[in-house]
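Each remark here refers to the structure printed beneath this line.
Chain nomenclature is as follows: A, B and C, assigned in order of appearance, with residue numbering initiated at 1 for each chain independently.
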Amino acid sequence: MYRSVQCLVMTYFLWYVFISQKAYQEIETRPESSVYTEMRGVGLLTDTVMDVVEYVRPSEGGDVISAILRREVTHDQIQGVCAEDISLPSAWCTSDSDCVAGEVDFDGNGQRTGLCVPYYNHPTNKTCQIKSWCPIEKYAAIREPPLVAAENFTVFIKNSIHFPKFKVLRTNILKRKRYLNRCTYNEKNLDCPNFRLGYIAEQAGVKFSELCEIGGIIGVFINWKCDFDLNPSDCKPNYSFRPMNIYKNSPDPGYDYRFAKFYSKDGNDSRTLIRAYGIRLDIIVHGEAGKFSIIPTIINMVAAISSVGICSIICDWVLLTFIDKNEVYSQKMFDEISEEKVEGTIQMTSTEQLTITTFGSTHSDLSEGVAL
Amino acid sequence: MYRSVQCLVMTYFLWYVFISQKAYQEIETRPESSVYTEMRGVGLLTDTVMDVVEYVRPSEGGDVISAILRREVTHDQIQGVCAEDISLPSAWCTSDSDCVAGEVDFDGNGQRTGLCVPYYNHPTNKTCQIKSWCPIEKYAAIREPPLVAAENFTVFIKNSIHFPKFKVLRTNILKRKRYLNRCTYNEKNLDCPNFRLGYIAEQAGVKFSELCEIGGIIGVFINWKCDFDLNPSDCKPNYSFRPMNIYKNSPDPGYDYRFAKFYSKDGNDSRTLIRAYGIRLDIIVHGEAGKFSIIPTIINMVAAISSVGICSIICDWVLLTFIDKNEVYSQKMFDEISEEKVEGTIQMTSTEQLTITTFGSTHSDLSEGVAL
Amino acid sequence: MYRSVQCLVMTYFLWYVFISQKAYQEIETRPESSVYTEMRGVGLLTDTVMDVVEYVRPSEGGDVISAILRREVTHDQIQGVCAEDISLPSAWCTSDSDCVAGEVDFDGNGQRTGLCVPYYNHPTNKTCQIKSWCPIEKYAAIREPPLVAAENFTVFIKNSIHFPKFKVLRTNILKRKRYLNRCTYNEKNLDCPNFRLGYIAEQAGVKFSELCEIGGIIGVFINWKCDFDLNPSDCKPNYSFRPMNIYKNSPDPGYDYRFAKFYSKDGNDSRTLIRAYGIRLDIIVHGEAGKFSIIPTIINMVAAISSVGICSIICDWVLLTFIDKNEVYSQKMFDEISEEKVEGTIQMTSTEQLTITTFGSTHSDLSEGVAL
């Protein structure tokens, strides 16, 4: 039983620590990474052609990139005065005295002028007049249909990674330009860095129609796990996809933001306000590489041997304390040790053996002590 | 004394390593995090209404977001020729021979044409004429008053976090949409993800008036410290705020940047150049989670027991070396060990005891050696 | 020989672990970092003056910043119908029947109208007509010469770093504003945070002319290695530069992106499409700080002593197993131990000695066992 416990511990160490955990390797977990992204594809939104310049923001191709899937557009806003949003109860009024000039409602769109005016084309409903970008978005925004063609748009992701400790540089661009221009990533093309937006959504478990409706943030994880004791060129990334804002039961799902295009019309500044719902991709790179090194090997060897030694002590103590009463094991152990003494030098064929004997000798001393 | 040292070491390990440091847990320190930010609020800058589209840059709602608090606007710049900045001594001239055509001054605004011209409306001062966006910013920029209303603007920060090792997903959006739309974060509303800009500045120890003047970068730290042995839903983030560019005695404080709005007027490209001073928020997420695991428990147990053993050796050695001379402790120790020998099996009631005895036996051997 | 191995191990530990690795220090490897960047310089691109507002994107001064070095500009695009790109074989046609109305080619620029039209000024070549931003980029883009003056543009990098564990704040802005405005970083000015783009490219081993042609991403590494046992103000950053997308033999080198400036001309929206080739700088901050702490000192001491003990066992075992046969060492060792016994208390002058003797006693027990 004693031996079997030792065996188990030793096997565990050899297998778990050295084989499975690669404890003989020096590990680097924080590589330097650079991501470049580029979207491809063109689609029609009612009558407007949407190309990358229109639907990709920001345009510089960094590690966070978003594609607009649906827009709510407020055309030709100018700085002026108009009626406040009617969905805001505090803006309702019946006469000018309800509206305090100069007041700014936090949830509103501008500063009150002090007048109470009809709400655009609703002659019976009145709200306070405000100084603002007019007309206000809530009233004038035109909801466009989603850009369903975007499901087939692709995002090209180039990732270069550098392990400074091992001085190894790797990239996910493995094949020729010709191949890169045509391929699409899927189970059969794991080397292709072009990802269909529809595929990404599907893998993340998100419906594309839902993305078109409320938007969403999806994490694209690039995972490098490299063993530089083998051929470094075998080190290839692994991709996975996960929704990054919790969908189910979330009180604030989706992803949207506002921006504007500014124009100068007839000497006046005007703008087209766009509320964009879209898919944002956060490219997150994890990297880990290992290579044989003498220092961790020694440290882990020492730890392993220590563990075995201490394990022996614990085993001894457990057996002696709990089984002692019927004096079976205790007696056997002492006998065994006496025999061991005779065969001492011969049996020391492994380090663990030696350790046991070391501690074993203690007990034999005790028996001697009694003998004396 | 000997026993008390052992006790101390043991207590230390049990308390410090296992209770305080949670050494029995497997730890994950690099969770996957996604941040979405959105500013809210509207204010008046002299006569211009500033809404999110005007003062937030970049607009995409990532983990770095800035709000413009003050602007220096140069309207209607066009590509042409005009006088160089008079604050640049190298641009001063009295005749055309002082200006070398084609030269570009590094600190200047364009390429010299070779003429020496009056500095705008100053008939007596002359500078070299340059090809540039005219008029130059230094001369024509209009300093606007600060957007003091921004102190009450809020930033909504949504943070989702995922611990891949434990497969736990958490978000800082805990309550209902209704609550989220109304609340503001403070000591009493730690679950609310809407932060007043004025509150953030105050917590970071920065005066808002100073931010309006020169701008500044403030770090918003979201700290997750989770114990998944307890209920994962108890895992809530903790927020803190710190100025990220050193204020006091810094030779280059503040935060500002330049951008432009481009127009086409009468067939000519023109632009409005804006130098924006503002508050930039860098949202930085730290996460750490632990969960019981058998491997680190064993490893730390082994380390603890080893330490106690080695501690015993050191104690022995210290006592033997320094107190030996009057032979009091030394004698006592050997006596004790002799007694121990007799009671050998009985006294082995704790692992540490066993270890001591092990090394103790050495000394008894020595005395025996003398006896023989 | 035995002693020399021990000496070696001990020396290794004292030197490697304590002096070289600073094992007595508590280490913090993930400091909070904030980066602010600002480009400076102005240049002429044929007839157009390029200042920071024109060539820097994004403008907000974060840790990723790019400068446009070359542009391919497509002026005055409007939404309309025109001929598809002739470099696309699938767009070639001889009659309208070759073009399916409503079809969108993935690599194309828009949706087919069903007509087959002459390719702009090539009366003999015909391609399918598409609804798109017209004219298409492939046909109408004007390739501008590179902005060679950019080699002398500088980027000012301000980095503030905070070690929360040690509560130390550091910045790379060490000198006075006067100095900062004039200096340029080089081997003699390591404290200056203004970097010439040409210098960065050179240090990264990239030709600036190549950057102007195809663009490129360069990593700017700021490395902080601080020892807070010394004066914290001695803690200064170290800069290094590395190309982040692999150049040689890469199937997709370079860095480029597309953006547009939007105009409103005669009531119609138009845009100027710009394909920008440039240099992107990814500022990557690494920080590590150490300070004396009692906990790691104890832990490493314990580990060191354990190692020496185990080393002794291994040494013994190696010698006994392999050299035993000619019984020289074995005999010597036993003799030595017998002598040691007599001098027992005296010779225990160091902890290691004690450990050796401990395990040594085992063998003496064995010889005694034989003797009995």
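The rule is simple: contacts are C-beta pairs under 8 Å (C-beta built on N, C-alpha and C of every residue); 3 or more make two chains touch, one makes a residue touch a chain.
Note that this is a predicted model, so its numbers are computed, not measured.
Chemist: Between chain B and chain A, is it the same set of residue numbers doing the touching on each side, over half shared, or a different set?
Modeler: Different: when the shared numbers are divided by all numbers used, the fraction is under half.
Chemist: Tell me the angle, as a multiple of 5 degrees, of the rotation that maps chain B onto chain C over the C-alpha atoms.
Modeler: Going from chain B to chain C via C-alpha fit gives 120 degrees.
Chemist: Centre to centre, by mean C-alpha position, how many angstrom separate chain A and chain B?
Modeler: From the centre of chain A to the centre of chain B is 19 Å.
Chemist: For chain A, write out the residues touching at least two other chains, lowest number first.
Modeler: 58, 262-264, 306, 358, 361, 365 - these are the residues of chain A that touch more than one other chain.
Chemist: Spell out the residues on chain B that touch chain A in their complex, using ranges where they run on.
Modeler: 30, 32, 34, 36, 38, 40-44, 47-49, 51-54, 58-62, 149, 152, 158, 160, 162, 169, 171, 173, 175-177, 180, 261-265, 270, 295, 298-299, 302, 305-306, 338, 341-342, 344-345, 348-351, 354-355, 357-358, 361, 364-365
Chemist: What residues of chain B sit close enough to touch chain C in their complex?
Modeler: Touch residues, chain B against chain C: 16, 57-58, 64, 66, 79, 104, 106-111, 131-133, 217, 219, 221, 242, 244-246, 250-252, 255, 257-260, 262-264, 271, 273, 280, 282, 284, 286, 303, 306-307, 310, 313-314, 316-317, 320-321, 324, 330, 358-359, 361-363, 365-370.
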